[in-house]
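Sending over a structure as structure tokens; questions will come in a sec.
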């Protein structure tokens, strides 16, 4: 029996037919999926329902319909589960007057951590904020605020971690460090859910994605597999060559190629089978004595997948 | 334009040509400080700044009449319509009131707010506000536009639209300084890059120069071992990471060699191209250097 | 005959025309301030208070004069003359209203721009901080002047028509030509100074208005009480009183200032002049320095 890629075999979070509406507005509509250990990306346009879903998963709001379980319990009623869940929200909670260290320590105390100051120190080091932890949060840059929020969410060693735009404002080096950190956390067996509109970043963090459009589940699973699921949209590949027309017409005579377009030194090819193209291209080029300087699939990225999901083409 | 050394910036000394210029760095690296100095909003503690040959310190007003600014945060009165406010900012920029209304309408249409332009700015979503901010930055026909995190808060579609708009600004005869911490956006839109790191200048050169490298990057579909062996036999230096190879030849044409090796070994090709050093690579290298 | 077709580029147009000078830019800010204060181009309810006050200030003058003109010759003239307020008296009436108007208008001019961070947009335009502040003060001045001058002009012209001798009346009362504007200016200077300082710091318009109104009313009572009990010089805290004193001085009508702490304590009107100038100067400096830090 095959299960849909929306579900994992060892779920920590299970979502069954969840809907949430605010008056007339339906924010989340009949979503069923599950999350397990590792990093899962949650994607969607603004207003797609991602933040609402995350909030329900964190137990902050009650679903209008359907059921949700985190680590086996309902996060809304079982507050003990909070000790195992960390949330890094996108909006800025107002803690400006606290120092970074104190903010994290309070979080540790609230979560009932055994040794709050050492847990806080660990979390602060993990996010690279040792130098700045003694300063007040109101003086922090946006990237620093994000990192201290992450520290706050890590301090109770959570099994489940929700990150809403965690890299917002972080500088290039911090971003790489944070992504490494998230990978480490995921490798340790935690369930990490990341929501972000910057798809390049999500690509670096998560192989499994859940995509929402207009409150509904639009796609789920491995991003390459999702792309492959668009069977009526052939792959687009760009090929730069010194004698493009010669190569282009040869390609056109191949069955696996649906269409060929030549613009200056570039050939744009559409094919249903990337593997087939990739295997025959070098020998074809060699036999025609054509020099290839670029071969690049153009729509495998998460951005392209996303575009197809939202716009259908 | 040339800059000099400053407070939150140190010994930043550079000249930048017209075009699409990326200003990159972390928050706190000095990007906003630099922008404010260019606008004459802040005075550097040392050194001098010139924009289009005019001193930003001595003649800030002359500079500002040729420059547009799209700030990062909120800057709109909630109870005014977009058309009204943008038309007002046009007048503030030195346009006669007869022209202002017309231009405000045109510019708002250009950024995709044609239908919403008579609604109050307080009702706008984040994406709409970003577009309106861009509109007020270009309505007075500046020669240079300074964009501070223009895609912030936008979803992937909105980002894409904004980046396309930014690309088109160059077609309208405007130079653009695009300040952002999202390196991918900069790599997609700019021809020249100013990289700041903790208040100091890391790089100031054309993007192409930064990205250029001698290596060719090849991603394979199958086990790379036969291909690696064959390439090395031809004298290449190959670095392998899973199925990704970075191939460097000292002499000869690397592309032809790679093509031939793949044709002969039958290893499938996923992608091929000159390895482009990314801006992220530059920062990481710098980090390792200072450590 | 050839057929031709052309496509016109609907894209961005560069503006190659003339740029207006700083004066026009300042004027644009003044106009914007006037619109904010009078609620023009905004939702209808924003117009209620300012226009309500304006009508309240102007209507009586029109009503009185109108009434006088219509009933002229009906034999009630002498009766009515006693009821008709003179210029100075009418000033005494209007400056209560300008006080309210300034309380409501000043926050409108300064606070939203600051709180919504519109100052960033101003900072990136070719204008200086001084341009902005002067224009804001200028907007308020223009509207308040109109507020006070219009009824006075109505009274003036009305008086001319009623006296039957237009030219005579006009030439005979030329001193009003300087007295009226000076009076308006004096009222403005006394009332706006403190209002601007409060609005430079407050974050909500309602609070700024409330503080200003409360401060003025309380200071009146406090001044009176302290002047009686502790030291007569405490009378100078009463700002509204200074306005009265100045009006009384300008128009030579002492009854306007009657009952205020200042006159009770017999403090010379020179003190009022100095106090008003001092407040205006202090307000200007404080306003500039506060905004300097922001921009």
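In order of appearance the chains are A, B and C, and numbering begins at 1 in each one.
Just so it is clear, a residue touches a chain if its C-beta (ideal position, glycine included) is under 8 Å from a C-beta of that chain, and two chains touch if they have at least 3 such contacts.
In this text the structure is predicted, and so the values were computed from the model without any measurement.
Of all chains present, the one whose mean CA position sits nearest the global mean of protein CA atoms is B.
Of all chains, the one whose Cα centroid sits at the greatest distance from that of subunit C is A.
Centroids built from CA atoms put subunit B at 24 Å from subunit A. Centre to centre, using the average C-alpha position, subunit B and subunit C are separated by 49 Å.
Inter-chain spacing, taken between the CA centroids of subunit A and subunit C, is 58 Å. Among the residues of subunit A, none is in touch with two or more other chains. Remark: subunit B residues 39, 41, 60-62, 64-65, 67-69, 71, 73-80, 84, 88-89, 91-97, 99, 103, 106-107, 110, 136, 138, 140-141, 168, 171-173 touch subunit C in the complex. Residues 11-22, 24-25, 28-29, 32, 41-43, 46, 112-113, 116-118, 120-128, 295 of subunit C are the ones that touch subunit B when the two sit in their complex. Note for the complex: subunit A touches subunit B at residues 43-46, 141-144, 169-176, 197-200, 274-275, 278-279, 281-283, 285-287, 291-297, 303, 306-307, 310. Looking at the complex, you find that subunit B touches subunit A at residues 24-29, 125-127, 154-160, 181-184, 221, 253, 255-256, 258-260, 262-263, 266, 268-274, 279-280, 283-284, 287.
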